[in-house]
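Per-chain residue numbering starts at 1, and chain names A, B, C, D and E are given in the order in which the chains are listed.
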């Protein structure tokens, strides 16, 4: 563990396309994570500037959720990795309570109804329950949950559960937000609306966002920068700056610039995804 | 790897430490306050007594353990059987549960006069008593375990065409196992105790019989020796089920 | 004056066997003697000697001479201050139409008895007849007399006042054959009053006062048996009245038998005690000879005038 | 807030309530009917098959005997109830507490849990006499025995329940910066609650066992006393009387605990 | 319940764009479903022809999963609805074991490893375990799970869990398959590969498929027909026949025909999704 507290390594050696902001909010260097015999992350390196919206894509099982767990403070990287937050070197555990984290599974508590699940983080912060509830009730319509405040999780549809989890994360206001496929279970339009809404919130409050998605369109539409991860063991294969103008209109997805970015990213992802399927393809050919 | 090896030995160390502290307190109290044997004999005296009466005590322990084990096995079968029956035929629940609760809410020892009357003073009455005591605990644990299954998982099994039995065997039983085994672990100790208590009310042998005789002969060292043996026997039983539990529940 | 707190631990559950104490308490005889007495029932899992020795209870009505010997043998600091049942309260019962006609017929038969004193009586009777205990099947006796009534047991142990009544209520009296210890020259006085040695030494007046009040209670109980049973049944309302009346009659017979007929209730018959002691010593029930004078202190009962001790 | 959705929700609530009322009434009627049928079967079987009263007396005989000395049963019932309640409450609270402590402090758990197990292997009857010796014929003495029988299963199940908490949920709470206390109150205890209640239902029965057995050490009132007395006077009718009273007490108490459970652990209600 | 067993209602009145096959495999008429005060489905009507691939889209919470539960036999519709399978009127419960159903949540059993979870349905059918395992092991690479057969669910990533659940469904071979967002947690490429693979399997075995998705591209790419559902209470708003040639190449998504279909569908969905968010928009405007 001591090894993680190296002296400041000086200005980081950065790939040319890395955002040129001077002081990153979050800095990851040489991050490894191994579960038993499975290496989930290996030599991962990334910076996130304050107020930046970074999207993360990569093949299934490449270690995206693992990366988030580390940044949320839930899992320590293997010894040797460097983790810096707000300019200070720290342990993953120091980040607990300092980033708002939405896990991939909704993890709603079955004994709490919609409102009470949403205010969980506020309660933990010590806000009086009634006040927290009032705050949450006001946000329900925005999440398409109006009238469902008293329902329990087992009475909700999959997408509704995800929206409750999302709302829970939004109510926990922190500088850095980690969203692990937050719109995975939403229909196209609800998804589009939530995307626009998320961009509004982000622009209004300038919260820094790290966002995992499987949808390349979504990754480009939302992000300042897209990180493409390699197949397991995961590291950053490509950091693609998205220099599309903001605010972005839905029509942007058909612009040549957007399509060009999408092609680049898809090629990168495809190359990585292919690796996961090498054996399967070999097998299919042999049949 | 090294942690996996080190942590149980640490646990054992702490367990031993706890035991040593307790025994030291006991010994110190008994010796320091010069407590007479009829209040609380010193541990060392008990151990000496235990050694000198080992033949009798081992015999008695074997007798009691036999009753406890057979009753325990029977009780588990009955408890699991009833719970499974309820799971398969939900209508049975409202018939079985109130009756089982009513029967169980009377202390098993309360039935001892009737059980002794019906089954005699020999081994069978002890077995019946143990089975009664164990079966309810098992029934409750098992039922709670069977009930906590995820409804959607049941739906999935049904969509595969699984009947009640299929859902039970492949889904509900595995879901119930942790609770069932916890119930079985707690029941080990109860089974030995109920056997002993019933023996104290009338028996041909066993640790309860030894204890009862010893009380009346004012031989408190022997009372405690028998209690020590009973404890050791229950503890071994408890440990055995706990061991099986860890083997079986690998996924938790 | 300030009442002195004290308690009496009985050897068994409340029943007419202890009527005198309940009557004395109900009529305020203990209060009149300056004692605030609580009567604590005994039971199958309590040993009165132990509770008195540790000071948990002041007085005890304990098992009998045998249990006093055993307690003294184990070093429990208790003293017997009176003996209630002057003759052996146990008998052994067989069926008249059964195979057991004489005690010799016990051989090879199933005999149940309590291993709490009655077994010594049985062994004594067998010894006198030259029978070895392993020649018959001696089994611990359970609560119920049903095995005997059913015929699965040939000989059963009974107290005159309790099991004998139950047996008679379930089969005709003239169908029974009884074996009485005294017929074989054996007597085990039972139901002993005990106190801790310290009490005997430091509070002799309390002990005497207790005896005076208790004796008054017993005299009243015998002169008004119905009233006495009422008093007992107030403490244990679910008892069977007829049985309790029967019990009181039998208990009176046991309490006034032998030397007590002349010397009054709770008399300590030194000869009977000595005989019993020698018997126990011979059969190894106690490990060494006991100082009987220290174990049985008749001075307290003798402080009450004989007239007050006769029913 | 008071939009159409809210109205329809409260309407729904009202509708459910109006359904529950006759529902609970129907349950009661069913229960009484069940009892009546059981009584008739009992009475009928004894008369029909000529079962000897020493094995099984007629129900009417038992009820008449109980009615003859109602005070004994009422007093005994209340006294035993008090002992049971005190033992249950203290045993339950201590059990949960120790479950939490053991869950939190591994070292303590490894040191003390084995001793708890050992303590449970000692038959109450063997040390009941000691309790009388130390605490006398008091209500406290009985409550202690009830406590002794109650706390262990609660500890075991609390521990078990706390350990089944989904680590991902713990991670989520931790990411909110939840303290250990908050983690416990908001996640771990609710998750363990169904398990704890299984033990509490068991404890409801065990605390009654403790109270009744406790009364076997020279007490004067209580269902245990009645039972013991009946047992040793071989009064089968009175044995059944005491058993019925104990069954009533035990079943009632159990039902109360189960009802509380249904209210508190609504989310695990399945099927 | 009796009302559900009406006599054969004769030839169904069908909207012009409905598939003209003579004998539907599955026929739904006037299906309602209410949970307490929430009406999930109302007057739903749909036919599915044998061998057809029907995709279902609709706003989150509109009752798609509820519809599937009914067709899988897990939930009875309210009285009055008509349900016909293979030409015979039946109760929902009669369908248990006759359709292979993949639920929205993976519902893997924690005590079974990957292979044993996959063979669950086969075991229920009575296939010997070893035989079932051998069968499943051969399919692992196709699902990108080669080498993971001995892992337990808690050791898998979100996408991997979903693939195990999908595999479990595929091994349960029935004429009608119900897939509830089977590719929701997969990355773009894995998803594309699974889509192509699914089409292969479907064409090879001609199993009838009902497929819920939130991705309109996916719905068009896969389906013979797309059902668009209305907002809650759900019913079928639009049945859109997709008459693109098969086999479909990935490039098809840029064809004008495809884009036209997508526009039609998006308009329909948008209209419905809007309803769910009416109140939220009112709220946003008032701010």
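Basically, a contact is a pair of C-beta atoms (placed from the backbone, for glycine too) under 8 Å apart; a residue touches a chain by one contact, two chains touch by 3 or more.
Just so it is clear, the model here is predicted, and its values are computed rather than measured.
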item	value
Chains contacting each of chain C and chain D, listed by label	B
Steps in the shortest chain-to-chain touch route ending at chain E and beginning at chain C	2
Separation of chain B from chain D, taking each centre as the mean of its C-alpha atoms, in whole Å	18
Interchain centroid distance [CA atoms averaged], chain A/chain D, Å	49
Between chain A and chain C, centroid-to-centroid distance (C-alpha), Å	86
Geometric centre distance via CA averages, chain B-chain A, whole Å	51
Multi-partner residues of chain A (each touching 2 or more other chains)	105, 146, 154
Interface hub residues of chain C, defined as touching at least two other chains	44-45, 47, 50, 54, 143-144, 146
Chain B, residues touching no fewer than two other chains	39, 113, 117, 151, 200, 215, 252
Residue ranges of chain A touching chain E (in the complex, touch as defined)	35, 38, 57-61, 65, 104-105, 138, 141-144, 146, 155-160, 163, 181, 184-191, 193, 214-216, 266, 269-270, 273-274, 276-277, 279-280, 282-284
Interface residues, chain E side, partner chain B - complex	69, 72-74, 96-101, 103, 105, 107, 109-111, 120-121, 123-125, 152, 154, 172
For the chain B and chain D complex, residues of the former touching the latter	10-11, 14-15, 17-19, 21-22, 39-40, 90, 94, 98, 101-114, 117-118, 136-137, 140-141, 144, 147-149, 151, 154, 178-179, 182, 185-186, 189, 192-193, 196-197, 200, 208, 211, 215, 223, 226-227, 230-231, 233-235, 238, 252
Interfacial residue positions of chain D with respect to chain B in the complex	30-31, 34, 54-55, 107, 110-112, 114-115, 117-118, 120-127, 129-130, 133, 152-153, 156-157, 160, 163-164, 194-195, 198, 201-202, 204-205, 208-209, 212-213, 227, 230-231, 234, 236, 239, 242-243, 246-247, 249-251, 253-255, 268, 270-271
For the chain C and chain B complex, residues of the former touching the latter	44-45, 47, 49-50, 53-54, 63, 67, 70-71, 74-76, 115-116, 139-144, 146-147
